[in-house]
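Labels A, B and C are assigned to the chains in the order they are written; within every chain, residues are numbered from 1.
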């Protein structure tokens, strides 16, 4: 796919406007630590969250959802069954879904599950460098949710994984790296406070599902994922400028997502092809 | 039951004072997305939350609890067993309980469970128009937690359901409609920001359980439910006036619930028989 | 063990500096109501949370974690299996772990589990007076998470329990009492708003795991636990001074934990041997 003619910051602003207009329904099968924050991030942004994650409901719901997030942070047995059901159903009917392989590589149950889920062709795989390297088949992962590898060191694994899934792979870090296996985008926005709030990374997976759901299967999902990261991390900068610590940052971040306007977004966006 | 002599806003203020004095113990079997917010809403109000939701504990605890909330938002298998146990135990010993049939009608597992639980005569059934219509036996529900039907369109179903359960039915919306099958109350308070915070509706179910627990079984549970809605939605207005977005609104809402005084409540209350 | 030469407030400030430097990895198997707040408290403090609580992962992870928290607030069957696995693994490899026996004594499933877990020699048992008395083998517990017994009344049970486990026992209340069975510390800091936020007590268990992990097995774990309580409750005082209710208090508490400096800590600390 060739690069779009428009600047990625302008594309991001357009995507945000479309998201607020469409209010996509995002089904989240995510870890118990961050369900609340994830739902609130989606609501603040203008999307509609639905945490449908039990067997017999997760599959049917993935057919009516606009997008699906599968996050492996606390994968209890019943939720694992629902995740396989949802991913299979999403793949079968064309609902784009995002895989966040939290701590894959260092923990056995979720590592096996991630392998199984990859067969359902996630539209996006999102993780830190260690997780992406582990999912791609190299390395031995980090310690829990920490990252021990560098974003740029994960670039080859990310590109290989993207070519293998046919989707986008996003590596989070101080500068985020996104690739579809051919093209690469880097986003240099964000704030360290995002790492001091639990779910700061996990909720971004749900936001990616929301943005990617606005693009047809043959559309530019890399640009849509870049829009998700740009909107999310620029809102973090706005919130960080007003915060007095991680508590007020998390609150202000929700306000900033809800209030983010086109001028602020395009002025601050540090997103580029590279 | 006839209408009480007192104005509903005055009754609401009296009920809030009694709640703060009694600090009722509210057992919540609710969805994983909103447990934290629900507990904090109860604590801010002056009630005592207890999220006892496993088999062998949920039933015994429902006998010592003042009131019980059963919310079907993320009904995992073990919690479903605990819900049946708690509702059965509550019904058996006279503990009032509230059913919140989240997304019933559109999702199969919880729809079957809601049918089963209705046999235990909930003191209150609380939902949006689509959910109430689905529980009452009509329509096909909404898409997840959204409402696709209008509050007033649900009025006949709500009244029929209330006559069938012998309890109160509350339909949430811009103007909330409450009925015991004979009498009807409308509450026109609240703010749209309440729909931008996850659990904004779910936590109200717990607050209803707290208020209804203060009234004997042959008391006026419709007036008690109206007090719950009035206190909750007036606090939302107070918080909205100070908020800069959904994040600061949720924080300010807890402060407003804790700080709400009689003068503000009666001045703002838009609750009436109709 | 004899008393350290240094004042406990000075020791607490030193422990906080070491914690921020080491960023210990704290595995939390805790109740679903407070996972988010607990993780955010650890992040604000400078520790690294990881909520690994499923069988086959919880045991292996306890070997690489710096410390482990096992909190019995909502002990679902799968989590109970993971708790036994984690506590056994921690005991086997010397990872210090904290037991928070929420509502033990009044609820049957968790009471049996607490008995079983005590065999794995928790470095700290933390609870309110009723819970500590119940775990120690006396009394009949409180109603849910409430306390019905007085802190000082629990002192003999706490000391007996500490001698039996070989660890520290912490009894929470207006003045916290900590003992290793021989020596006793009292901490008179804190604010009533901490009881109006769900997880106000539960998160302290995770903070204790973080502080105790910095001390070797033959080090002074009572002083480390006292540092945890002192840092936590002084931060609560700082937050309470700026709060307008329980919502803003919880937010400000996270900011205060992140921003707490040595001068404020030592000036406010009301911690002493007694």
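To be clear about the criterion, a contact is a pair of C-beta atoms (placed from the backbone, for glycine too) under 8 Å apart; a residue touches a chain by one contact, two chains touch by 3 or more.
Keep in mind it's a predicted model, so treat the numbers as computed, not measured.
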item: Graph class of chain-chain contacts, one of line, ring, star, complete, other; value: complete
item: Equivalent-chain rotation between chain C and chain B, CA atoms, steps of 5 degrees; value: 120
item: Chain C against chain A, contact positions shared by both copies (same if over half, else different); value: different
item: Separation of mean Cα positions, chain C and chain A [Å, integer]; value: 34
item: Residue numbers of chain B (touch at least two other chains); value: 32, 36, 250-251
item: Contacting residues of chain C [partner chain A, same complex]; value: 25, 27, 32, 35-36, 39-40, 43-44, 48-54, 56-57, 60-61, 64, 78, 250-259
item: Of all residues in chain B, those that touch chain A in their complex; value: 31-34, 36-37, 73-77, 103, 107-110, 143-146, 195-199, 243-248, 250-251
